[in-house]
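Think of it as A, B, C and D in the order they're written, each chain with its own count starting at 1.
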Amino acid sequence: MTEKIIILKKRFGLVGDNFNKEKILKNLPGNYAIGHNRYSTTGSTTLRNVQPFFADTNAGGIGVAHNGNLTNAITLRKKLVEDGAIFYSTSDTETIVQLIAKSKRKKTIDKIVDALFQIQGGYALVMLTQKILIGVRDPFGIRPLVIGKLKNSYIFASETCALDIIGATFLREVENGEIVYVENNSLKSIKPFPLKKPRPCVFEYIYFSRPDSILNGKCVYEYRKDFGKELARESDVDADLIVPVPDSGNAAAIGYSQHVKKYFDLGLIRNHYVGRTFIEPVQKIRSLGVKLKLNANKSTIKNKKIVLIDDSLVRGTTCHKIVKMLYDSGAKEVHVRIASPEIKFPDFYGIDTPTKKELLAANKSNDEICKYINAKSLKFLSVDGMYRAMGFKKRNNTYPQLTDHYFTGDYPIKLIDNLGDDKVTQLSLLSTASNN
Amino acid sequence: MTEKIIILKKRFGLVGDNFNKEKILKNLPGNYAIGHNRYSTTGSTTLRNVQPFFADTNAGGIGVAHNGNLTNAITLRKKLVEDGAIFYSTSDTETIVQLIAKSKRKKTIDKIVDALFQIQGGYALVMLTQKILIGVRDPFGIRPLVIGKLKNSYIFASETCALDIIGATFLREVENGEIVYVENNSLKSIKPFPLKKPRPCVFEYIYFSRPDSILNGKCVYEYRKDFGKELARESDVDADLIVPVPDSGNAAAIGYSQHVKKYFDLGLIRNHYVGRTFIEPVQKIRSLGVKLKLNANKSTIKNKKIVLIDDSLVRGTTCHKIVKMLYDSGAKEVHVRIASPEIKFPDFYGIDTPTKKELLAANKSNDEICKYINAKSLKFLSVDGMYRAMGFKKRNNTYPQLTDHYFTGDYPIKLIDNLGDDKVTQLSLLSTASNN
Amino acid sequence: MTEKIIILKKRFGLVGDNFNKEKILKNLPGNYAIGHNRYSTTGSTTLRNVQPFFADTNAGGIGVAHNGNLTNAITLRKKLVEDGAIFYSTSDTETIVQLIAKSKRKKTIDKIVDALFQIQGGYALVMLTQKILIGVRDPFGIRPLVIGKLKNSYIFASETCALDIIGATFLREVENGEIVYVENNSLKSIKPFPLKKPRPCVFEYIYFSRPDSILNGKCVYEYRKDFGKELARESDVDADLIVPVPDSGNAAAIGYSQHVKKYFDLGLIRNHYVGRTFIEPVQKIRSLGVKLKLNANKSTIKNKKIVLIDDSLVRGTTCHKIVKMLYDSGAKEVHVRIASPEIKFPDFYGIDTPTKKELLAANKSNDEICKYINAKSLKFLSVDGMYRAMGFKKRNNTYPQLTDHYFTGDYPIKLIDNLGDDKVTQLSLLSTASNN
Amino acid sequence: MTEKIIILKKRFGLVGDNFNKEKILKNLPGNYAIGHNRYSTTGSTTLRNVQPFFADTNAGGIGVAHNGNLTNAITLRKKLVEDGAIFYSTSDTETIVQLIAKSKRKKTIDKIVDALFQIQGGYALVMLTQKILIGVRDPFGIRPLVIGKLKNSYIFASETCALDIIGATFLREVENGEIVYVENNSLKSIKPFPLKKPRPCVFEYIYFSRPDSILNGKCVYEYRKDFGKELARESDVDADLIVPVPDSGNAAAIGYSQHVKKYFDLGLIRNHYVGRTFIEPVQKIRSLGVKLKLNANKSTIKNKKIVLIDDSLVRGTTCHKIVKMLYDSGAKEVHVRIASPEIKFPDFYGIDTPTKKELLAANKSNDEICKYINAKSLKFLSVDGMYRAMGFKKRNNTYPQLTDHYFTGDYPIKLIDNLGDDKVTQLSLLSTASNN
């Protein structure tokens, strides 16, 4: 074929479970591709909500994949439907695609700018046309996006670890509010938005990014060790062993143990048959309990005073079970230390947090939480401690350096679709009763 | 749920192979439904082209299923894309849905009329909104649509045999150019188009409809027997046995044999493991050959002079093989008689005919065809014979009573998307490289 | 590979639905093969009961496929288990395989003879070793088996129609009590059993064989036309139309109509989406009712006196529904004529008949049946009429020419596993709760 | 049902991927069950080789699941086939089942003893009859088997971690040469074999068992920390960081770091999407390379002298890639320390080791290996160091306390099926060309 076409494949599940066979990959010829994988959420799912989304506009085809969440997607969608647009999904990403298709500008890149000026929220986008590959990061740079290079090809990815796997070199992060695109094999950049200071999401540093990824020039693992060191500085306690909740608390526990010069030890063993609870698709499997995933290392913890370290505390259900498991296995004392502040506010920029009602620290005092999880003592890292661990002197309350509403309630972008406290839903995580 | 929702399920294959389990049907609650099954065509298929199509308009949701083919769908689609519409399929039916969504009229029924005034071609449509069930037949009534009743419910179906299966009563045909709809359980009718005489597709009588369906007050089987009788009148020959190509030629052969008072006999046996060639999805299975499907009844045909009857002759490949099979099994003479005229022109209103190049009678004389199929003699029913069998005195060449372009080249509706003789494709039968 | 291996593939469903793709067939290299397809029965099924069966004996591997049913399989199986044999299925065929494996004879063919002398019942077997292909028919020749040739290769098949499909020549039937085998590409024959007159199963002629197959030198279709003619001779009645139950009654109805010189017509139309009821695997689909399968041809039968012909009457439920359907569609009179005698006794040689309790004619008089099916009149072909139609003067009651216990109760082989009238089950049709 | 039946289900893949839905579990009623999961091996696999195996003997049904490998299975199998037995798999476990079925003893437990006296090798067996649940460990206790209790029910499992998951209490290990069985809810024990000292497989301590399982009274994790401490004692080196190969080297690295009082740090990050290489079923996925599984933690290791710890070294390919990855990411020195001795001999008692040809230490000197993996230095734990870490003074060369042939070549059980050095295969890991 002389004319380039865009081929679209959608599947449920992980990339590696779907695009793994030679036969499948042979059906995907071409030089450029975009892909997307979203961690699943509660409720039913439908293939129509799976990314990327595609539109055949009068400037040619365009595919769009989106990490993040728009805060005015429902409002925009209503207007578009009134105007005769047909939506095939409930995803906020389709709103972006419809806005691009609707633009009266001639060039694809201009159509995209047109659309971006209408949307609000946290987003990193990768797009593909028959001619160019595009990467976009929202004006605050809430969601991450990096640029790599392999031989003569440019690569956009959410995290640098993706570049390592394929042997590509990490060039730089896409900046906040920047549109980069690859045209005729050269990399171009425009910044159409009013300039703002970057304000990346702190939860990428605390929990979401892979520890071997590089953010702002340093391994995420090192940030996490530093959260642990700062935590030790703020709230050390007499103990025999520093024990992580594996693997989420590993780095912080190592940092903590190095600071206090006490033994780091694996008091809990992770069963590698079972995946990360956050990413499992079926509610039932998630609730099978911590036992399937973790088991106490009895001989190691017996009669020991333990500092148990985790990266964050959301609902507290897992922590509750782990503390019980440690005491049942003979621990003398269990002191819980959390390497981030109390999470009191849900996210609407793309992280699948539970509603405020389910956030333990939004509803209980430190003492109440300590009692609920049945620990000997409980301490969280302070907000300023978190900023210190990240190299700032302290939080700049006028122009905060990070998107940190989880702990402060300070949302950088207005929640336009918000219908009242707990009624806000992230459209990007929705699914519908009907599916194809 | 207090608000009614529309549930959409698409599958490949026959209805009975997909919607057959209690578990599946339980997921489809509700009082009204529309469904669709399309015979498959060459080329790859994609779930996105499977009907019904659905749109969420500002007057509520609407589902559309379509039998037939539009002749100006590509032209309309181009304009809609220029205006920012996003198409998710290559089906002409989606064009209808987009036109409905675009209409500025307030009531759904008015939006539909708006859309119908823009489309051209042969079509029977059934549509479902949260409130009404709608049936539409094109201004000429090319494609069939009937109304039935079961207890207090109205039913629309392509053929009356569907009503028989569920025990419903046949009320009447939807008329050409009529829109009927069921609202608050009562049947309403409007006729928005300029009035025209009906001109139904004659191929429904000859081949497509099931023999037990009723068209225009009479069983299709009886029409076919009458084609056979008229054929006997025009072109009888000395013979021992009248043998049908089973099952397509059964009725015509019985009619022929009753007229000439010679033995009707099953000289060919059909293997019921293998389905109708027309409907099989995989090209390979279609080409496995006639042998899998038919076998000669050796003791019956040995040393006999045979009149072999079929309903129509398209490519002639099957007929060629059958004549050879009869001679190989000991037949003395094989005279082929076809119960319809020579097919010289392809269809663009929804019947999946091959291109003109592949239509045997478009490219060869009667003698050449007879030689190709290796028969002792060959006769087709004449065009006027066909009209006589259907109760007309003869064809009215000014206002033909039937859509009969297959034989005459007289297309009742302009082929707007036509790009030259054999380049015309029926958009409704298209499929694309990309699928989800 | 220098040494020949035997490859075994088992699947549920029809051969054509499983062994249909090039990829699958490529995995089955080799020059000789045996296959098997069994019509499904009530109850659950398990892959372990699917044929062929295979054993790795000390004379090499042997695969066995079996049409028919043993009457002493349970008895033999008990003894084998006591002796330490492990059975993996509930099939009677595995009993044959175990007996072959147990034989102390050296040559495979001798091991087979050893095993055959121990089994009783109706059977046609095909077997495959690394060196020879074997076909066997039981001493009475109850079940059919034919030999064909294609180029230099020999083929065994249950019916001659299988030879036609692949273009092979029909050589002859395997004789009753004969073992034929292909060794070094030449056909050999032995007859180890005491000689008996053949006594083939009459139900193959009446119902089971395909009409285009040849039995005893004549098409099955012709036998069935002759049953119809004999039936006409015995029990004609005043009528307008001779209507078959399609397709089982087609041949008999044509014979009947030719004898009485009245119009044969298709008063019932068969829906080709739905398969032969006998062969459908799911009970639910079987009970969806006659309507899905047959529909009345209203214009044709209205106000007509009809003779309705079928090949046999088993439970009577379908016949009951058809007669009702004809009257509902306007028939004036419906006279039922059955082209075989009353079925009063179940089969234990491989035909899946219902138990005696369910056989209508085993429990009701002719008048009672006529009343149950609501016909104007009802007649069956007489036993002697059946023998006359097959070319005999009459039944030889001392040495009956056919296996005809269905009508006479005269079972040619003792029912050793029989546990009382209706408790006899055909082991070959059994299935178990456990499956792999 | 009054009579108990045994239900058998076999599937490919992990237990949790197959027996995970309520619907499936509902089909498995009953009070006792046995299950089995085998790590997959090279070559094709067939459902017929999947455990448990089942036989219907004259003392009733019996199911058998087997961890380990017999060393005389081929020899026994040949004799059984000569005697007429039919094998349905290539598994050595079926040999055990056939021997049980063949036994002339009356009681099931006696049949089992009969069979056990004939087999040789390493085995832990669990068996289920309609009345009793049985657990067996081979005379040396090579393969592990433990007894747990949950309420009134007894449980057998390979490792204690399985008991923890379901909340059962660990009672004791089954002893070497012991048969325990649960009859009428009470636990019975017999020891039919001549008494021997236990000689458990040391590889369970080094690699195979889960770290949270208890062997011989202590967590496996603690044994592994002790291997690391002993290793540090024998071969410390100047370094900045102690880095494990995650997760196999974690415990040893922590032990090592505690002994030398240097920082333990995660210099390599494990990607949790990808499973343990040992257990992956498809060769291709295994060879996708270390990158998918591990990534270097650049900021952490840059300019550091590193001691890299792993539990064992088999082929050396992964180690080679990891050392390169560390140097590529900026490490100054990489010293490899292996927490077990050099593996020079393959296993035939149930561990899937490669052939001698592929065992790196069987073919190269320490210097050659160090050069191959490109490390600054390389040391293995000594054999006596390994015994010391396990609490012995040193290896007793007359009566070794452990099954340690991997390092010493001292096989406790004769390899009867052995056909020459590298031709020995573990029958239990075989698969065949044919499958069902």
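By definition in this document, a contact is a pair of C-beta atoms (placed from the backbone, for glycine too) under 8 Å apart; a residue touches a chain by one contact, two chains touch by 3 or more.
Source: prediction; values computed, not measured.
Touch-path distance (fewest steps) from chain B to chain D is 2. Should one ask which of A-D and C-D has more C-beta pairs in contact, the pair is A-D.
With centres defined as mean CA coordinates, chain D is found 38 Å away from chain A.
Chain C and chain D, compared by their mean Cα positions, are separated by 53 Å. The set of chain A residues touching two or more other chains is empty. Chain C meets chain B in the complex at residues 14, 16, 20, 161, 164-165, 167, 210-212, 214, 218-219, 221-222, 247, 250-251, 254, 258, 263-266, 269-276, 285, 291-292, 295-300. Chain contact summary for the complex, chain B toward chain A: residues 5-10, 47-48, 50, 54-58, 81-82, 84-88, 97-98, 101-103, 433-436.
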